[in-house]
Each structure stands twice: as structure tokens, then as C-alpha cells.
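Shared between the two complexes below is chain A, which pairs with chain B and chain C, respectively.
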Partner chain A sequence: MNYDCLIVGAGLSGLVCGIRCASEGLRTVIISGGMNALHFSSGSIDLMGYDPSGKVIQSPCRYLKQLEEKKPGHPYSKVGVKTVRESMEFFKKQCGLAGLDLHDNGEENHFHITGLGTMKPSYFSQKSVFNDRLKEAYERKDPIAVLNFDGFRDYFTALTLEQIRGLPLLRGVRITTGKITLPYYFRTERNLHEFRSIDLARVFDSEKYLPRIADEIKKAAGGARIVGLPAFIGIDNFGWIHRRLEDMTGLLIYEVPTLPPSILGMRIDRALKTRFADLGGELSAGDKVFGGEIIDGMLDHVHTENYGSTRHRSRFYVFSTGSFFSGGIRSEFNKIEEPILKLRMSGSQERSKWYSESFFDKKGHPFLSYGVDTGKTLNPYGADGKTVKNLFCVGSILAGYDPIREGSGGGVAISTGYYAAGKIISARKKADLA
Partner chain B sequence: MRTIETDVIIIGGGATGAGTVRDLSLRGIRAVLVEKDDIAFGTTGRNHGLLHSGARYAVNDLESARECISENRILKKIAAHCIEDTGGLFVTLPEDERTYHDRLLEGCRQAGIKAEEISAREAFSIEPNLNRSIIRAIKVPDGTIDPFRLAASNVLDAVEHGALILTHTRVTGVIVEGTRVAGITCEKDPGELINIRGRLVINAAGVWGQHICSLAGIELTMYPSKGSMVIIDYRINGVVVNRCRKPSDGDIIVPGDTVSLIGTTSKKIDYDKIEYLNVDDDEIEVLLRDGEKLIPNLSRTRVLRAYCGVRPLVDTPGKQAGGRSISRGIVLIDHEERDGLEGLLTIAGGKLMTYRLMAEMASDMTCLKLGIKAECSTHKQPLPGSETKISPKKHIRAFTGIPESVVGSTLYRHGQRVRNILKKDKKNYRIICECEMVTEGEVEYALKNLNVKDIVDLRRRTRIGMGPCQGELCAYRAAGLFKELGPGNQSVKSSQLLRDFLEERWKGIKPVLWGDSLREAEFTYWIYQGLFGLGDIDFTKRHGPDEGGDR
Partner chain C sequence: MINLENISFDHCIKCTVCTIYCPVARNTHLFPGPKQSGPDAERLRIKNPRLVDASLKYCTNCKRCEIACPSNVKIADIIQDAKWKYTRVFWFRPRDFFMSRTDLAGSAATMFAPLVNFVVSLTIVKLLMEFFLRIPSARAFPTYNNGTFTSWFKKIRGHQGGFKNRVTYFHGCFVNYNKRSLGEDLVRVLNSMKIGVDVVREKCCGVPLIANGYLTRARKNARYNIASLSEQKKSNSGIIVTTSSSCAFALKHEYANLLGLDNSAIYSNTEYITKYLFDRFEDGNIPDMKPVHIRAAYHAPCHLERLGGVMYTIDILKRIPGLDLVILNSECCGIAGTYGFKKEYYKVSQDIGQHLFKLIDRANPEYVITDCETCAMQIEMNTQYQVIHPVTLLAMALK
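Presenting the complex of A and B:
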């Protein structure tokens, strides 16, 4: 089978790229190995949260303009602010089409509350995490109740409370904590107290239990107007369930991301995969690309673990295989490399340079900005140093930015994936015309 | 300032100090132990945990070999729940000097260590992962010992017999009145000063003993020697594997709980560097390279952590003719005799597994000095947790309903005390740390009974965060439980305890940051910095007491 576009890795960047390609009618396939980073993420999309001194950025797009001059090697500078903006709109629209509504703050960052009670700037949040009504309620200083299921291991209201009281935004607000009992009426052989977020999300997905849960929430909330719940209001049916719960309780309910697995992230994952499939994209899950051959500056074919010597061919290829965490790049005793084609890397080969002395060093860790080196059009260089013209690298496999320090992981994945798709689409169109 | 009166003051909460405070308490003598950090914070928590048979010393140091085998037998009885009677092997590789094998056998015979020559085939059946090219092998009664559990149960017994334990309390001065030591001054963590007066002070501060002596105005010279070790991700060997050659770097692999560790190196260091030790890259290379010669699978296994400790070797001038001699054996110093300073003893040197003997020696001399007639009983009296022989089957039956693996690990760590920990309540036995099967009940027990001040202490009592993931998820959970169940009105925020714990884990991860360790580190950093913003919290700001709270 010959494809227009073969994408390796179905994470945020690969999926966005695939959706855009498929929406333009390109024959697109994504081959992907394991779980992507969305399953572990906050489920909010960060574009640019902090400047190099650690100060919160209000207006990311304005900041990216300056970045274009100051850091031309940054992925955002390579794709350009205009494309970044476009890609974010595209992403929001695609999620919406799959039933996942995102809140944006009119090109400004907003804040969501974390499981430790700190605030994180973000560009898009799911409507159950942040929305205009919540914003107004915070501003009115409505009392807040932070609730948890009694005995849920992966979220502790006491830790939230410790921190949240010190937040300037919530000064003068009455904040209480409370417990709702685990859904003991939910029959299970397993220890309820060992339930992970995903098990509880399934309980929520079934409407049967909603009245009881709503009752408990109302009781535990006391006089509060706003209620914070760990994020597991369903994986499939979340939008509806969130609205139902608010109606039944008469309260504003917001979700807080917990320890992984991240229900909020999984919703995005599902939404994107649904879109991709609806547009006719082909997903080959559970297979891994382990090698390929570059001939005359063009990637000719790749091999996968499930199909051994079979050559998978496509006009264009995209590597969206992630960072160290997902296996897009890997390290050995004194070596970092891109495992599939040994593409040229940017980053030190000397291990002592990879990390900072303290874990929470303000400067972060150098290894986080290591990755594959590319030219302005996101084409990488082969082991021989020559550009691979029909291959693009997108998302966290890329070098030149620190997703955590900058708060830019989601935005870089979306904008680079979108950009590469654009390049492929226009090249394809040109070829068709010719 | 608070003043405490007692009979005997022990400085240092390593195995030696913990053993001594227990020994004295069992003899009915009032005692206070002062530790600047946590129990087993020093060298006691930074070694291989080898329960020597004595064979490693049989060629060069018969006295140590004899001490080892005799203590080996005692500890297997009194500290059964801290020990795994794995057995051990000495193996000769083709490149090793052949005669060492025979000299080792002869030394063992003289020291009374049951060492048995076996064929290479037999060795492989005992240890299937062993290098196939070994030419000779000897079986010895080596075992492993968990230093954290050992020190903690000594302290627990002492407390149950009336002793007072002050952890996170640093000795800042020794009170000298005329030619007599009358007590110490110390400082508890947040600037609280305490005076402790007693009739005798025992310096069991390990390598820091030099500093304690200087506080008393006398001189004691230590020769700190650093040893590094690496931990690999799963238990690659069932028995202790020693290389049969003159002791040198990378010649031993010790299994322990769910992991194995390769030891060790030996580097002289300056005394003023002992607080700032790092594992060097060349040490890691040597350990992995030579470890690989004993067990070839090793390089394919993930390296979890690297850490190092300092051997407390004491300079004992005059002990041997012809100038200075550094003793590897036990050193008990009566400073009245040596320096004309009454009321101060130093007990140092030795090994982890000779801690009981060292404690007995120090306690005997204490009795002599104080004119008390009381016999040592620590060689007969089992430690809390080891009271009776443990029958896992019986316990698993007694706790039906609770997963066997949970009962097993709890039993393994706390022996008989499992009865104080496990309850048939689902919340109680839910798992908090998946890698090490630590339950909420165990955490609660430790928080309430084992003198735990922070999550790092909690790790030493329960092994929380010590497995392959190095505290990825359980660190957050532990911080939450600390807030819910820990000592009330904490002056330190739980989120700060969480940060300190992750920083402590980082120390041991840094030197081995490649491959899967790097992956896990990226993940942990994403969670705690990316998701939670833990590093952005400013802990220097004072915070008001929690208002409101649970209803």
C-alpha cells in the first residue's frame, strides 16, 4: 500500500498532523507503539507559560513574536507565530467537532488549579476545568469546597488546601475540604481504595449512580458555591455528566488533574483519534517502527516490528515519536540518539552535562531540550549530515525548547504537527498540478 | 532551654548507637540517644548490607573473621526478620590468582567458618546467572541484613524499655567540667536548644566521631575511605556472590529485597569532605565492568541508583609496633585512660554486623565505669519482630482476605509486628507504594510508632519509594498521608517534605541517569514540576495555620 503520508507515533503532534492531512484527502496512516504522553498530562494545553526568568506570561502570542528574533532555533520560531495561531484554532475546532469543548481566554493565558493547590498558566482548558462562569465566581469570591472520595489514593485535598490558601487570586475566599464516600454500591471484587482515576471515571460514565453522587456532593459542599473534584467525571460522556451534576447540585463544579492516568488527557486522546478515523485516517496501533532506509536524501521505506521485512512506503513521513519518555529519543551510558534512523541530535553526549545538581533547579534540566536537530522546515539530517527532504520531525522529539520550563509542550506539539501537515499538503498539491 | 537528666548519653543513631542504647536499656540503665539526622542516616544506611560469614577476612584478618562468624550466628537468631539467610559463594575466574582459593579455605578453617569447596556445576545450580567460565567455587554462610530495619528495631526495643530517642537533634557541644564530661548540648531541628546531663557519654558517631572528640577538646583521627555501590533494578542473584581474590573494587554482588547491589570501591578522602560525597563516573564504570564478570546478565539490567558511604576507620597509635596503624577492627576507647578525660567513651570501627558486639563491649565498660552489675542479654533476647520463628503460612491464614503479597512483604519487613500493622480493613491494606508493596497501615504504623519526621525517614522504615520507580507516585501519596496521619501541627508543609524527598532520591539517580533511569526521571519531573509546579513554591515564606479544614 502506498501512502501520501506515514506518521510514526500517535501522540498529540502526530494526531494533529494526521487529522490535517486526512482532512485534505491525503492517504494517511499513523503507526504507533505505546501510550502517548497525553495519558500522563494535565489535559490542559500550554502554549507558552513562563519567560526564562520564570515569570508568568500573560499573552503568549505576543511573546512568541519576540521569541522569533531572540531564538530562531526554537520550534515556534521555525513555524512562525501566524501558523502557531492558526494551529491552535484548528486544534480547538477539531476537538469541538469530537465533542470536547475547550475554554480559551481570548489569546491570553488563564490559570488552572493543580493537585498540589498551585496555579499553572494554560492556553486551553477543558470547560470542566475552567470556564467563564467559574472565572466570575472566583472574582465574586464565592466560597469553595475542595472534595475528594474518601480513600482515593491519587489526590489529597489536604495538600491542595495547604497551598491554595496562599494564592493571591483566592485571598479572602472561604475554602473548605470535604469527603464523599467511595461508591461502595458499585459492586467490585477489587479494593475500592486502590481504584485509579480511570476506574472511578467508569463509575461516573454510568448515569445510574449520578443521583447518589450528586447528593453526596451537595452534602459535603456545605455552604460552598464552587466545588473542586478530582478529574474523573467520565471519559466518554463527560460533557453531559458535568452539566447534569451541576444541574442536580446547583453548584459550579471544576475538575482538578490528579496523579496519572490522566482522565483529562485521555479525553483529548480519544477526541483526536475519533476525528482522525472520521476523516478516513488509518491507525495501526500496537506496532513499532524500528528502522528504515534513506536513499539520496529521501526516506524510502520503514520497517515495523509486526511486519518484519515488509517495506512500508509513503511519499512523506513524519516522526512524532516523542521524547525520552515515549522512546522517540533514547540514551545510553554516554550517548543520546534517535533510534530509528540515527538522525542528527542536538544535545551534549557527555552525561554529566545532561542534568542539574538539584532536581528542582530553577534552570530545569538540559536533557529536556535535547532532541532531533532540524532545519527551518522541520526536516531532520541523516547520520551523514544531509537533509532528509521527505521526512518531518514534530512534537517532543524536537530539540531546542524546554516544554516544562517554558510551559510549551502542548503548543509545540500542535503547531509543529500542523505545520508539517501544511508542507506535505502543499507539496502534494504541487505534484498533482504538475 | 530544656534540660534532660539521664545516666548515659549516646551520640549517633547508626547501628552502633542503636545497639548500645538497646543493650543499656535492657540492662535497666537510663539512656538517651541523640542523632543529628535520622536513625541509620550515616554509614549504617550506606553499605551493602552483607551479613558477613567472615570469609572475606579469612585470609588477611583472622580476628575480624572470627568476630563475624560468631555474630553471624547470633544475629540469625535475634534479628531473624532483618536477615535473609541466602548463603554465599566465592568464585574464581580464569584470570584470578589460583592460590587465593586455597588460602581462603584454610583461613575459614582456622576461624571456624563452615566453608565448603563445591564444583562449578554445583555453583551454577545454586546461582544460575553466574558467569559460566568460573573455575572454582566455595560455599559460605554469608547472608544479607537490612540495616534500616535492624537499626529501627533496636531503637524500638530500647524505647519499649524506657530509653529516650532524639532524632533530628545535633550535638553541638560536650560539657566538660574540670577533667570530667558532664553532658552535651544539642540543637533540635528548628533552633531548639537542649542540655542533656549524664554520668557517661558514649561517642558512637561513626566517622563523625572525630568531630565529637574535638568538641570535647581531645583528638581522634579518622581515615575516611569512601565506598560506592550501584543498585540494579531486579534481584539478579539469589545468594551473595564474592570474587575469590584479594579484596578490591567491584568484587561482590549482594541481593537485597527486590534488588541487587554491586560493591564496592575504596577511595581515600579528606575528613572535611565527608558531608559532600558524590559517586564518580569512573567508579560506576568499574563496578559495572567487574560486576559483569561475576554475573554476565548485568549489563542488560537497568541501574536504579548509585550511592556511597564512608568507612569509619580509626587511627589507633601504639596498637601496633612501628608507628601508625589504621584499624579495620572494633575500637573501644576509654578517654579517661587515653586522654585523662573522665566520662567519655568512643566506640567505632567494626562493621554493621558486629554492631551488637560493639554495643556489648561499650555497655560492659559503661557498667564497669558506673559501678553497675548487669549482664548483657542482647545475644539471647530477640529484637521486636523476631520474637518467635515466623511462619508465613500461618500469617497468611490469619490475614485471609488481604492479598498474600501484602502480608508477605509486611511480614518480611516487620516480622512479628505485622500484627500491629495489618488490619482487615480495606483502606488499611491498600497499597501506597506499588513497587515495594507498602500499605497505608504500614505507613500509619511507622508514622505513629517509629519516630518518623519526614518522608525520607519514612522511606528508611518502610522502603517506600525505593523500588524501580523511585517514588514517582508514592511520594505524593506519602505526603498526603503525612498530612492526614502524621504528627500534628507540623511547622513544615507537606509539600516541602515532598520536595525534600524527591531531592534526596535525585542524589542517587543522578550518577546513573541514562536509559530507563532517565526516562523515569523525565516522567517524575513532568509530574512534580510539570503537573504540580512543586519547584515553584516558595517555602521561605511563612504561612499561617490552616483555617477551616475538614468537617
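Presenting the complex of A and C:
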């Protein structure tokens, strides 16, 4: 096949890699089976949230410089701080081009409020989740109202309230809860109890009920200046709707990530897929890569489920197949493996070593940092132990970091995807010159 | 007892991603979405068939839920299966009967094609059909050929024997009765690549039968097709091609997964045409082409996407010189075979398509290209663009 780059998996890392390759004019295809984990994410991008003791990191890039010496096996150390910075800027720019504006705090982490009412350090948040005006309002100790739609089951304001009251940042702030009712729903066959975030997001997207919703929000806010709403202010036209609601109510409105399906995550998914398609990238969404053949240290071809005998060929390959959840790594009773090529893994094969006894163990669970072992340039090793030179592994398939404990999943996906694309582009250019 | 092959619903992790991408749930609250209708309700149905929900009938079987599912659950198959297994269907259904017998209706209509096309286009006939048959009067009908593809093919069959390398062409009902020109284009394209075409006796692949609940009949057709196609395999290259993405999907997947038949004799050598052409092009067998100077938008049909075949069509299209190609974001056109021809679903069907029609207008093409015959009908009815098949475009580019 005359592809320059064949990417397996259309998640955060695969899409970032694909966008960068396609933007340099490389013929790029992504083969993906099933939707990505962005649909289950908060929709904010974490770069590095916590150090090993669990302390919040203020300035992730400065921390990554120390990490380079302390943990050379960490994906960030492999790609280097300079590339990490570049990749985050690239990501922000690409999202912006697709109409998704991200807030950054000038290379510092900021905090956004989670569905449980805790504060989470993040590097990028969508403008409807956190922005400068909100930051100022929090600092002014403006009163907050946490609202929900009456009957919507995937969000609990009481739970948020309980937590949020104890936050040091919001000490002394008046916080209330409230309910929004929408008479429109009582005329449908289904009641609000059956609705998920996606159904409500579509109601917002239709823009039909905005004046009515704005009135209800004002009523329910009861004098508060800041209003928190579960995140479903539209999927397609969210920026405009958010601004419109703020204008209509005269309040500051922020979105709180909800249970899956995550509307905030879907917005990122859409933005990236739109960019990829706009740049001429090809996405094959209904098929799954299940095998391939390595010849003399080069991945020669891969096979897909629907076209078993066909050899899909490309000059370079990228595996962004995810971790255990997405099937990039598979576990059996006493075995973990990379299912497509049986690439060399890092991690214990002994089941009892996979997890810690306590679910909320401060040290985390060992299996979370298991993954495919790679060299400095993210090239994995085949089952025979030899480097596969034209294959890169990116994102959560990689070993050597714990996305949960570090708060680093998004950043690792973006920076490794970006880095692999860079390697492929420069190799391609070199080949063209020769 | 639970059939062990059918427990993929147990892999569902309740993430609701399928419901996000369900074009029906997006446009009507009457359908609770694939998660609830499929894996969720299946547990209950197995326990007590009386717990079946009438909203199942809103599923169009577009398979987008299966494409979206991160856990490999065969959601649409579960719904299709349950739709007919658990619901009691009234036996007298003249509309559904004729709609699903595309070969019966087709062979009758092609005999009097000009008359049939004229009569069906009359407003009074449309109103009568809406009243008596519940077929929406606003719906445009496909026109019938004057004479079938197979009768045309008989005239050129002798010529095809001259090619050493020949493939079997499963033309399907649409080419045979409604769009003979597509079959003719295919023969021209393949012949220009020194490949001959064989046609065998075939029956409707079964897609409309499955959609309307005539599963016994669908199984009968499937057995006939499997036997007929595997017999022909022996006397040529052994490869079977189709120009209909839905026929290909039925032959390859639904025969086994939904109808429970053994299609291993044809499974691995049945290909949707662009995959076959892609392989030949890769071998270096590319026809001589001249620049077409066309700006076109490509719409990927749901079933081809489920087959993973979209990348091959795009590859073929990219090789046509002078084609300015816009690849549209993946959206369902809404027609879903016979679904869009039924009054009770007509509004949903049209609403689903609006997103695609907007994309097409924004792309501002001269032509729309798509692989699926019913997608083409829906797009032609709702936009001002002419819709052509990738093979037709290839034929246009031939020197």
C-alpha cells in the first residue's frame, strides 16, 4: 500500500500523530475499531498533576526537567521537555483551528472543579470549564450556585456541595444548589430520568429552548454570580451557546465533567477528527487490526479483521492502540501481552504483582504503568527482542508511567504522538532527498 | 438455554457510546438508542420474551453502533434478531411483502418499465399508495430499466469467454432492474483491465427481506446464492465481486451472523468491487485513464464503513486523474433501504439525512459519489446533485 504512515487507533495520541503527519503532506491513514477513550475523559488535558508523594505540581514543565534525570524511562524523558512543550502548543493550535478554544494558565497548572466537587490540576481546559474571568471571580469570592436539571441522574449536586465546601480555595464563599426544570420534556414519551448527558446536549444544540433555559438558570441561581452546570452545553455549537447563555443570564457559567458519555471529551474527539479530515487524512473506522509481520526489523504489513488475507502496507506504522481498557494491551489469567505483534512488554507476568491490596492505595496499582517497552525513539522490540525500526508506539500503550497517579495521561498521549510524527516526517524527507 | 454465540451483549460495559452515534436516537426520542434496545434489553428478553419493547422497530440496522462500540458487541445484530424473534407480526403486510421482494417486483416492472415509471410518478397514484399502502407520497421512487441487466449481459456473454481471467459478478437487484448502466460500466472497466465477467443465476441477497422480517425467505435466498456462487467459482478465478456495499455485507457477514448459515465457501473470496480493484491496481493492472475534470464529494455508506471498505474506495478515487475530491464527514443518509419508504418512519429518515445534505451543500460539488444504491436515491431526492457510483466514475475516466 502506498501510505506513508498507517496509524492503528484513533484516540488522542493517534489523532495528534495523524494530524501532524497529514499537515506535512504525508499520506496518512488511521484504522480504528470502536470509539476512543476521550468519550470517557474529563475533556481537560493533564500534563503532570502530582509528584510521587501526591503533592500537586505547580509548573509541570519545570518538573519534567527534573524527571528527565530521575526517570529516563518515562515517556516524557524519552521525547524531551522541548518536544513536550511544542506538542502542547501544537495541540492547542489544532483544537483552535477546529473551533475548540482551550484555556492555558501560562505553563502553570490550573484547577477545575470535578463532578465530585474536588479540584483537579490540569494543563488545558475548555474555555467553558475554566477561564480567566472565572479565576478572578473565584478569587473575589463571588457566590456560587451548583445546578442540575431536575431528574437528570448522572450528576448529584448534593455530593458536589459537600466536597466543594471543604476546598481551601473556596473558603468563605456562599455556595448553594438548585434545580432547573424544563416543561418541554413532559410532553415526550420518555422522561428525564432516562436521559443521558448526550440527550441534554442535543437539546442545547437545537438552540430552541435557550431563552427558557436562561430564565430557569437565573431563577435557580438565587443571586449567585457563578453557576456550575453539568457539561452538556452543546456538542456542535457549544462556544456560541455558552456565550449566549452567559449574556442572557448575566452570570458566569462553568461546566462540570459528568459521567460517561463525556460531552467535553467528545468535543475534543470531534475537533481532532475534523482537523485530520480537513488535512486530507483517511480514517477507516469499522475495522480492527489484529496481526502483522515483522521482517528484518521492519514491520512489513498488518492484517485487519474484515480483510484477513490482505496485507496493508505503509512505510511507517504507529500503534496508538491504548492500554488495557482499549485493548492495546491484553491480560489473561497469568499473562499480559500486546495482542497484535506480541511486542516486548514491561511489567510482571505474575498476576499477584499486578495490583495493590487497597483500591485507593497512595502508591497506585503496578499494572497501570505496564505497557510496551520501547527504546528512546519509541520504537518497540519484537518478540525476538530486536528493535522494529519503522514502528512507533504512542500514548497509553507505553510503559513507564502511571497516568492516574501522575495525572499525565493526556500529555503523554499528545507529546508521544507528536514526537513519533516528527520522526516519521524527517525520515520521509531524508528518503525524498536521497 | 442461551446460545453461546450470542452472548456478545455480555461484553457491553454500558458506556453509551453507541447511543451517541445512533442516527435514529439523535433524531427522535421514540427510540431509546442501541444500548438500551440491544444489550440492555436482551438480558430481559432472554428471561422473559414478553418484556420486548415496540421501539425496536425504529432501528434502521445501519450498524453505526457496532462501528462505535469499543467492546466489540454486535449491537445491531442483537436488535435485528430480537425484532423478529420476539415481536408478533401480522401476516397480511402487502407493502412490506412487495418492498422486500425486490427481485419479484423488479422482474415484473422491468417488463413494462416506461409504463410503470410513468404511473408511479403520478400524484394520484402516490396519494393512493400513501392511503392504502402507507408509502409516503413525498418519496421519490427509483425508476426501472427497460430490460434487465442479465438480458443485456446475455448478448455479450460470448465475448467475456475470451478472457482467461474472469470474476463472478453478483449484480444484485438494483443493477438488474433499476440501474443496468452500472453493471455495464463495471463490465467495461474490468474488460479494459483484461478481466472477464461471469454472471450466475442469483436471487436477492436478502437485505430487504431481513429488514422486513422475512427471515425464512432470506435464508432460502442465501442458500441459493451460496450454492450458485460457489459452483461458479470452480470455472473462473474464484473471486466474487459486487457493486453494492449492502449486498457485500450480507454475503460476507449477515449470512453467517444473522441467518446462521455456513457461508465459508464464499466468505473469503467475496469482495466489494473497490477492494478487488484496489488489489489489481496494487499488482500494477491499472486501466488507461484520461483526466475527468470533475469536482465531487464522496459519501461513505454506513454498511461499507462497517465492512472497513471505505479506504479502498477512497484509494481508487484518488487514482482517477483530474478528480477534485472532497471526502465528507461520515453521516448516515437516513434511508436505510426500505425504511425510508415507509410512512411511519419517513420523518425520522428525512431528519437523519439533513446533517449529510448540509455537508454536501457546503462541499459545493458537481457530483456526489457513493457506493450504495439507496444512499444515492436519498441524496438525489434531497439535494440537487447527481449521484454516481465509483465504478461509473472509473468508466467515465477510461480512455
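Methods note: the second predicted complex is superposed on the first by the 425 of 434 C-alpha atoms of A that agree within 3 Å, B and C clash if a C-alpha of one lies under 4 Å from a C-alpha of the other, contacts with A are read in each partner's own complex, and residues count from 1 in each chain.
The criterion applied here is as follows: a residue touches a chain if its C-beta (ideal position, glycine included) is under 8 Å from a C-beta of that chain, and two chains touch if they have at least 3 such contacts.
No experiment lies behind these values; they were computed from the predicted model shown.
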- Task: Check chain A with both chain B and chain C modelled on it and let me know: fit or clash.
- Result: fit
- Give one of first, second, both or neither to describe whether A:L161 is in contact with chain B, with chain C, with both, or with none. first
- Task: Figure out whether A:A277 sits in contact with chain B (first) or chain C (second), or with both, or with neither.
- Result: second
- Message: With both complexes overlaid on chain A, does A:E194 touch chain B (first), chain C (second), both or neither?
- Response: both
- Query: Which holds for A:P260: it touches chain B only (first), chain C only (second), both, or neither?
  - Reply: both
- In the superposed arrangement, which partner chain does A:G286 touch: chain B (first), chain C (second), both, or neither? second
- Query: Per the overlay, which chain contacts more chain A residues, chain B or chain C?
  - Reply: B
- What angle, rounded to a multiple of 10°, is defined by the Cα centres of chain B, chain A and chain C, with the middle one as vertex? 90
- Task: Pick one for A:F40: touches chain B only (first), chain C only (second), both, or neither.
- Result: both
- Query: Once the shared chain is lined up, is A:R174 touching chain B (first), chain C (second), both, or neither of them?
  - Reply: first
- Could you look at A:T310 and tell me whether it touches chain B, chain C, both or neither (first, second, both, neither)? second
- Item | Overlay on chain A, chain C to chain B nearest C-alpha distance, Å | 5
- Message: I'd like to check the shared interface: which positions of chain A are touched by both chain B and chain C across the two complexes?
- Response: 37, 40, 194, 260
- Residues of chain B that touch chain A when the two form their complex: 281, 426-427, 429-432, 440, 473, 476-477, 479-481, 483-484, 493-495, 499, 502-503, 505-506, 510, 513-515, 518-519, 521-523, 525-537, 541, 543-544, 546-551
- Note on the structure: Given the complex, residues on chain C that touch chain A span 15-17, 19-21, 26, 29-30, 32, 63, 66-72, 268, 275, 279, 282, 305-311, 314-315, 327, 329-330
- Query: Which bits of chain A are touching chain B when the two form their complex?
  - Reply: 37, 40-42, 54, 114-116, 118-120, 151, 153-156, 158-159, 161-163, 165-166, 174-179, 191-194, 222, 257, 259-260, 323-325, 330-334, 351-352, 354-355, 357-362, 364-365, 367-368, 403-404, 409
- Message: Can you tell me which positions in chain A touch chain C when the two form their complex?
- Response: 1, 29, 31, 33-37, 39-40, 188-190, 194, 196, 198-199, 202, 260-261, 266, 273-274, 277, 282-288, 304-310, 326-327
